[in-house]
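Note that the chains take the letters A, B and C in the order they are written out, and that residue 1 is the start of every chain.
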C-alpha cells in the first residue's frame, strides 16, 4: 500500500435477466412499455459504481433505473456478493445490456475508484472528475448532459475540510453537498464550474480536495 | 480507456513527491529469535512391546509428529537392505548335486532375465529336460520339486529340511514319491512340465518366496493335481510363509501330505478341492514368541 | 479402417484397434513380455496419433476381446447406458481427452457420462495423457459410496488397515488392527489377507474383528480377503461379514484362472445383499492389477492397461464399496521399476474413477522390483493429490505375510496433514471423540493402541 494508490473496485456479481417480468420491471423503476431486459450488478464501492452506471448510459441505449447504496458499506454487507450497492440497467433488448455492462466494467477497471489517502487504507478518498455527464448523473444533478462535474467523497471530517478547500481553490460552485451521515457514512459533494464546461476548475477543485483529505488523514490533530 | 481522475491523482502524487515507481511494500512476518538450545524427548530404544507375543509386525514404535523416530528409520533401512541382498542371491553351482538333488535349470540364462521373463522360468532347458527324462522315476503318486524361486537363500537354508519332512509325511500315508530334483531360476508353473514328464498324480513345488523386510528365508508350496502344461493358478492349492515365524517345516509337511492325499482321492485340486474333506492334521494354536531381530546397534562410534 | 500415420516420411501401419492400443501404451515390461508394446518410441507416438483420431464409437465396436468369446465384453456391452454413450460417442479420443481436461467439464458431468463409457475408451484416452493430465481429470471425479460409513467425499482420504499375519494368529491380527486404528487408519475397511484359505479361519477372523468394531462403535467395515467361494461358505457358517472380496481379471479366461465367473460373482453379490452385515448399499470389494491376465496367459494379445480397464468394466456391475489396484505387487516382469509403477498407479486410479468406481490404490513394491522407498512415498502423495479414495496402511508399510512394502500407519496421517485431507466424516468424528485426533491434528491418544483395547 502506498499513498494515493488506486483501490480498484470489485464487481461482486453481474447477472442478466433477458426478459424480465413486468411486475419486477415496475418495482425496480423500469418502464414495462419500453424495457424488457435488465442487467444487475453489485460492487464493493458505491460511488465508483454510480459513475460507472452513468458511463454506461454514454455508450449504450440503457437507462439506470435503480442504484442504491446499502447501509454501513461493504465492510458490513448482508452477504459476500452484496457489497455496498446494487445497480440495475434496463434496456429494450439484451444486447444493449451487454454493451452497457461492458462500458461499466471498463470504467470500474480503469477510471472510477477510491484512492488510499493515508498509505494504509485507513482513510480513502474519491476525487473523481467527470468531463462529460451522461444522462443518469445529469438527471440526478440537474445539470445538462455533457457538462463537467467534480464528484468528491471522503469520510465525514476529512470530506468537510476537503469541500471547503475545493470550493475556495477554484472558480466552482456546489451543485449538491450531502453532509454525513449517508448510507455508507461518507460525505459527498458535486461541484461544477461557474462557467459552463470549465473542466480546469473541476480539476483544480479535486486536487485541492485530495490535498486536504490527505492532510487530515496524516495529521488528524493538527491545529 | 483514459481517466481524467487517474491523471489528476498522478499529478498530485508527483507534486507531493510520492510517485513511487516500485510496487507497494509487503510487510514481512517478524523473525523470532532462536531458543538458546532445543531438546528432543528421550526415546527408549526400539524394543518389542506386548504385541510381539503374537506378531512380528513392527508395532508400538511410537511416532515423531506423524513420522518415524530415527531408530525406526535405520532399522527399516537395514531390513530393506537384507531383503534386497536375498533377492540378488543365486543358487550356487553344485549345491543341488551336493545335497542329493538332481540339478535342473529352466530356459532362463541369468538373474535379470529371470525377473523379467516368467515364461522362460516355467519351462525346462532342453538338457535339463533330457536329464529328467533319463534319470527320474516315472508313474509316481507325488513329485516333489525343490526350487530357488525368488530367494535362493531360503532354498539353500530351509529347503532340504522341508523337502525331507514332506517326503516322509507323504510316505507315511503310503504314497510313492518321485526322485529328488532341484530347479534353478524356477517359477511355480515349472511343476506342470516336471510333473507331467514323470507322470505324477500330484506335483508339489517348494520354492523360495519373495523376501520380506529383514527376511529371505521363507518358502511357499504349490500343489497341483494332474500336472500338465496349461494348468492355471485356480487349479492349484498353496501354503505360504513356510518358515520358523510362520508355519515351521514339521507342521507344514503333514498338512502338505494331507492336501496331496486329498487331491488324489478327490481327483481334483485348486478351487474344486473340497477342503472340508482334507484330514488336516494341524491345529492352529499358540506359537512361541518371536523377537524381531535388531539389526542396527548405535552409539559406539563416538 | 485404415490405421496408419506418417512421421518424418516413415509410414506406421497397424492391423487392428487392439494392436494400436498396445503400441500406444507407455513403456511397461509386461507389454514387452507379451510382445504387444511399441518397437520404438517413434512408433509409439505414431500409434497415439492414429488412436487420437478414432472415435469412441469405433472403440465400442472394437473391444479387444470379441463379444461372442468373452463374458466380460458381454457384461460391458449389455450393461452400457445408451443415453450416456450417445453424449460422447461422436468424439475422437483426442477430443475426448480435451473435453475431460476442460475446467467446465465438472465432476457431476463425468459421473453422468461414466455409465456410457467402455473400458477400451478409458484405456485409449489414458494413453494420450501425461501423469499430471491423469491427476487433473481424476481429481474432478467424485464417486461417493456407502456401507457403514460414507467413502469418497471431496477433501477425504481413507485407508484400509491391513493387519495380515503369517499364520492367521487372531491376537496378532487384532494387535496390528488396534495400532492402525490409533493412527486414524482403517476408515475404508479393516481387511485381512488370510494365510490359510478356509471358511473356518475366515469366520474366526471376521468374528474377532466384528467384536472390536462393535465394542468401540467404530464406523468402518471388515473383510477377510479369502477366495469368494470360501467367504460364501464362511457366510453359511453364520459369521458377520461387512464386505465380500474378490480379485478380478479383465477377461473371462483371467477370471477362470482366479476361480470365478460372472455367474458366481452374481450369486455372491445376491448372497451379500441378503446376508451381509454392513448397512450398504455398496457391499463388494475388488482388487485388480495390471499384468494379472498375462500371468495366466488370459490377455488375448491385448496390452495390460486395456485389460486392467476391463476389470473396472466388470467391477462396476456390482456397485462395489471398494476397488483398488495392487499396483506394484505383481513384480518387475510386469512393471519393472519406480517410474512404471507410479505411472500405472495413476493410470489405474484415473480409469477406475472415469468408469465410476470408488478407486483406491495399494501403492506398493515387492523387494525384487527396482523402486526405492522414496519413490514409493512420492507415489502416495501423487495419488492422494489426484483424489485417490483410499490407500492401504500397515505397520511401517511392511506386510509380514505377503512380503511386500506398502503404505504405513504413519503415512496416512502424514499425507492427510500435507494435503488438508480428513478421513470419512463418520470416522473423523470417531477419531476426534476418541482423542486420536484434535481438529485433524494428532491428538492425545494418537498412536496409542490402548484407545481400542
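Simple rule for what comes next: a contact is a pair of C-beta atoms (placed from the backbone, for glycine too) under 8 Å apart; a residue touches a chain by one contact, two chains touch by 3 or more.
These figures come from a predicted structure and were not determined experimentally.
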Exercise. Specify the chain most distant from subunit A by Cα centroid.
Key: B
Quiz item: Which pair, B-C or A-B, has more C-beta contacts?
Solution: B-C
Self-check item: Geometric centre distance via CA averages, subunit C-subunit A, whole Å
Solution: 58
Quiz prompt | Separation of subunit B from subunit C, taking each centre as the mean of its C-alpha atoms, in whole Å | solution = 22
Self-check item: Centroid spacing, where centroids are CA-atom means, of subunit A and subunit B in whole angstrom
Solution: 75
Self-check item: Contact footprint of subunit C on subunit B as seen in their complex
Solution: 51, 53-63, 65-68, 72, 76-77, 79-80, 83-84, 86-87, 115-119, 150, 209-213, 215, 218, 232-234, 239-241, 243, 245-247, 270-271, 275, 284, 287
Exercise. Please name which positions on subunit B make contact with subunit A in the complex.
Key: 1, 3-6, 8-9, 11-13, 16, 18, 20, 24-25
Self-check item: subunit A to subunit B touching residues, read off their complex
Solution: 1-6, 106-107, 110-112, 115, 127-131, 199, 203, 206-207, 210-211, 214
Quiz item: Can you list the residues on subunit C that touch subunit B in the complex?
Solution: 29, 32-33, 163, 165-169, 171-173, 175-176, 179, 183, 195-198, 201, 227, 229, 256-259, 295-296, 331-333, 336, 366-368, 373, 394-396, 398-401, 403-405, 410, 413-414, 417, 442, 446-447, 449
